[in-house]
Amino acid sequence: MIRVEHVRKRFGRKQVLRDISMEARRGEITCLVGTNGSGKSTLLRAIMGLTPLSGGRVEVDGAAFHHGMYEKVAFIPDTLTMPPGMTVRACMTFMQDFYRSWEAARGEELLAFFKLDPASRVGSLSKGTAAKLNLVLGLGLNADYVLMDEPFSGIDLFSREHIASVFASELIEDRGVLFTTHEIQDVEHLIDKVVMLDQGVIAKEFYCEDIRQREGKSVLDVMREVYQA
Amino acid sequence: MQAGIFPPIAAFNNRDPVYLQVVRHFKELIATGRLEAGQTIPSRRELAALLQINPNTAQKAYKEMEEQRLIITEGNSPSRVTHDAQLLGAIRAELVREAVEAFVATIRPIQLPTDELVEIVRAAYEAPKEGE
Amino acid sequence: MNRYLKLVHMELGRAWKPLAALMGLTLVMQLAIVVYLTRNRVAFVKRNYLEEQQMSVATFVQKIGRISFNDVMMDNMLFTAPIVLGIVVLLLYTLFLWYRDWLGKNMFIYRLLMLPSARSDLYFAKLTTVLLLVFSLVAFQMAILPLLSAAFAASVPYELRESVTAVELASEIELLTLVLPFNWKDFLLYYGFGMAGVAVLYACVLLERSYKIVRGIAGMLVYLAIIGLLLFLPAIIGLLLFLPAIIDVYWMALYPWELITLQSGLVAVVGALSVWLSLYLMKHKITV
Amino acid sequence: MKRYIGSVLLIIFIAFSVSAYYLQANRVPWPDFYFEKVEGDESAAEGWELDAEYSKPGRSDDRVMIGLSGTEYVAKRSALYTTLDESQYQRYLDPDARKLLESESGFMRGKQNASNVYADDNALAYTQLNKIFDKKEMKYRYELVVEVLDRNTNRTRDYRHELSDASAYFWITVLEVQLLDGRISIAVNGTTSDVIQENIPELWTISIDLESGKAMQSSVVKLLPASQDRVQISAQKISDHGVRGPNPFVLLQVTESKYEENLQNSSISIQPFHKANLLRYDMRTGTAEPLPEKLSTIWKNQPDATYAFDGRSVYQLQQNGDKLIVTSCDVETAAMKPGYTLSNQMHGGDQVSLISAYGNNLAFLAGSETKLELQLVIADLPSGKVLYRGKLKTKGDEDLAEMFSSRKFRADKLVYTLK
């Protein structure tokens, strides 16, 4: 389980994350939602150690976050983060070079699954294709946790469905997924738990099926209540 | 064959628990005979992929169905629909009752006389479906 | 360890095109300069001495002396242009080596910071890459000296030519004696100081990358002030000695050999400090 | 592994080029001069070096230092080493002071002028004259700072003494420091500030009693020129480098220079005229006596004689064509001693140059324009006995004669350096 305890993050004087405590369990798909600028991406980056915390702690399976954990916690940022000059094949080799938990076979499977051309250059990929490659590089790792920043944003409908199908596939099974999105309504039924961010704090944290069962509300309804109130 | 009877995600609404909707869907399949007694059903993982739902939800749906003894899973062989005719009959009755209750709830405000209502329902029911 | 080597290999892979271009350019420019200036010199000698003053080759050689690389290059700064160009381009590339990972929409820095090895691997890989680039340009300059010497020889008729070895050729050009010092001890000294310089430069880059522009620049200025203080410590001590004895600091007076040792030591300390600061920033403060 | 071939090749290229360059740099074909013994004992020439300029065709000039064993090119030395060496602490400081710096580096630390030092077995004294501008009274004050180390007890004491009525002097320098019967004696040479009086050098001695610290100042000796008309006078101490033990006398070369206008075919030509006389200044009494006239030298442009002092007598080393005429006089008694003459002794040799002395060692270059040959000659200064004679040669096959004739090789000076 990824545990976030009283994490604070300040950019200059702006307090982006005031006091965040939450958990993302393994085997569950947790969705981080919030209005623009509520610090969703910042929280993901803070968890991944890509930006220093102003306070608080991040623990993965009980141990404080350290660089060794990049083998078991994969992060798929909102843009593809490989140099434009690299080919898809070179990216795969790069991942194999540096990550012991990289599974070449699964990588090839994913390339096929997403129908990506290994010879194409990163710089020349369309936004959708780049997002798919990004997914491949993240999911190719035999990681226990996968964090994704806006995996669906700005992508054509078909690619989005294609990507969404990954959530339902065995690729995700018994892994902890924590992702952020704006298009919650399309993927609601894929999510186990929702964490709602508002002005740097956790507004609400709940399991979707419980809300549906107890209050018969969809996640979108709850969001309307919290954010429009 | 299998894929046909499991429609993709569009069929689900977001307000009712998804796993219950899956269970209902199975009941409909059983009630309508598209799933015969004893027939094997897809594994949890296959179902999640087919229905494009979260594997945990598929897992929960299977657990619910096993509790309701709709399906039986021995060891790790694929799950099967129950043979228990009496249970199957009960499922059909449950579905009919739910449908009727829903229909009655929606029609009541119009306050039609009962026999007139019954007449309309018989006509609609016996009219050949356009598609057939 | 091998992740560090793989990173170096990757960075070199991304740098070999500009390096090759720089080498090609340097070679072409230097060859052109040598041939051009030598031809001018030969033409001048022929016109001025052999024709106008009707001097025979023998008397010219005896009186004025054969045409040497030194005569040709004597008071001409042209040859230093390609070297300065090389140094400037390398300096810019040193900065680019870092900033390129933040630039553009594909911020490769995300991937680099998420490598499962310690971030010092990344820092030292980039540091090593710069040093390898510098040394490959220096090695290239050394390698083409015989070529230049041959080009010079080809441009001067045999009887007028004063042959000179490649190494001597290097000692004729002011800037080259700095870049390619005659004595290998100096080579280690200069490039040791150079490395410390690059380490300081990297510390500044990382300060900026960790605290972003405003506070980054402020951090940089504070850091450079500390570095400056450290580096100029001996000079400050020296100054104290000359002030009318405010405090009796005679015991602080340094002998030159002590001064040199102290100064080199301080440069090493500054280098080490910069590396330590960079590693700290990489581990704790750097942000995407 | 094949993937890394590019990087590996680059590293090999670097290693290869750099090492090839420096291997070649060490084998640069420059002549390696040395002195080949012709006569005498090589140990006498130990420590002497000939500094020269050598211009190989195609290169700007190189400074070389030629010793018994071989040549050292300044260009080849490391800049680091050169900085260390060229500084005033090392290279041209006399070896005794340098030895002192190494052995007594603690005491000598911070002592800027390493020649104002007196050293014997049980004491070490250093003096420094600070010129301080007194803002209140708008005049210069001179403060003598003396530090004495008792080598037996390893305790240092320092004394400060302000030179009384010294504000008239534009500049005062320390000539000599000696420890004479319990008193630190410092002879100084002051030059007055008013221009009219043509800066007459004035000598006096300050002595400080080690025990009481009480300072006494002797009366001033003015070195007035013989004739009055517009004569420049300068006093220069004859170096006592290499002299051991206490010595109350300061030997001064007092040079009077004036410009004679002589009429020649209606044009006035200005002829410089210099005359140097020797003076013995006794620090104990603060008095000065001229030494015999025979030691004086007269010259027009370049002096062709130098003076040396070996602790007992002072020597005039007069170069005259291919002869070196040495006249000397006992400093104690100021009585002339029998001189001697050393000849070039090279068949066809016609030149004696770069005369230099250190302690009781005399060195000069004997050369022959015709035979284009140079020889280093070391002699015993008091007796004039030739101790060593070595011919300048090169280990390679360079044509030395051609180098001399075409002035590619120019000897500059002979220096005694304790390696």
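Per-chain numbering from 1; labels A, B, C and D assigned in written order.
Here is the rule we go by: a contact is a pair of C-beta atoms (placed from the backbone, for glycine too) under 8 Å apart; a residue touches a chain by one contact, two chains touch by 3 or more.
Quantities reported herein were computed from a predicted structural model and do not represent experimental measurements.
In this view the innermost chain, defined by its CA centroid being closest to the centroid of all protein CA atoms, is C. Comparing the chain pairs C-D and A-B, the larger number of C-beta pairs in contact belongs to C-D.
In this assembly, the C-alpha centroid of chain B lies 115 Å from the C-alpha centroid of chain D. Between chain A and chain D the centroid-to-centroid distance comes to 82 Å (mean Cα coordinates, whole Å). Chain C and chain D have Cα centroids lying 40 Å from one another. Chain A and chain B, compared by their mean Cα positions, are separated by 34 Å. Residue positions of chain D with contacts to 2 or more other chains are absent. Across the assembly, chain A contributes no residue that touches 2 or more other chains. Contacts with at least two other chains are made by no residue of chain C.
If you draw each protein chain as a dot and join the dots that touch, you get a simple line with two loose ends. Looking at which chains touch one another, you get A-B, A-C, C-D.
The residues of chain D lying in touch with chain C in their complex are 3-4, 6-7, 10-11, 13-14, 16-18, 20-22, 24-25, 28-29, 57-60, 75-81, 83-84, 87, 89-90, 101, 105, 109-111, 130, 132.
Listed in rising order, the residues of chain B touching chain A in the complex are 9, 12-20, 45, 48-49, 51-57, 60.
Residues of chain A that touch chain C in their complex: 12, 45, 48-52, 67-71, 75, 77, 79-85, 94, 97-100, 122-123. Remark: chain C residues 3, 6, 10, 14, 100, 104-111, 113-119, 210, 214-215, 284-288 touch chain A in the complex. On the side of chain C, the complex with chain D involves touching residues 5, 8-9, 12-13, 16, 65-66, 68-70, 132, 135-136, 138-140, 142-143, 145, 162-168, 171-172, 180-187, 189, 241, 244, 249-253, 255-257, 260.
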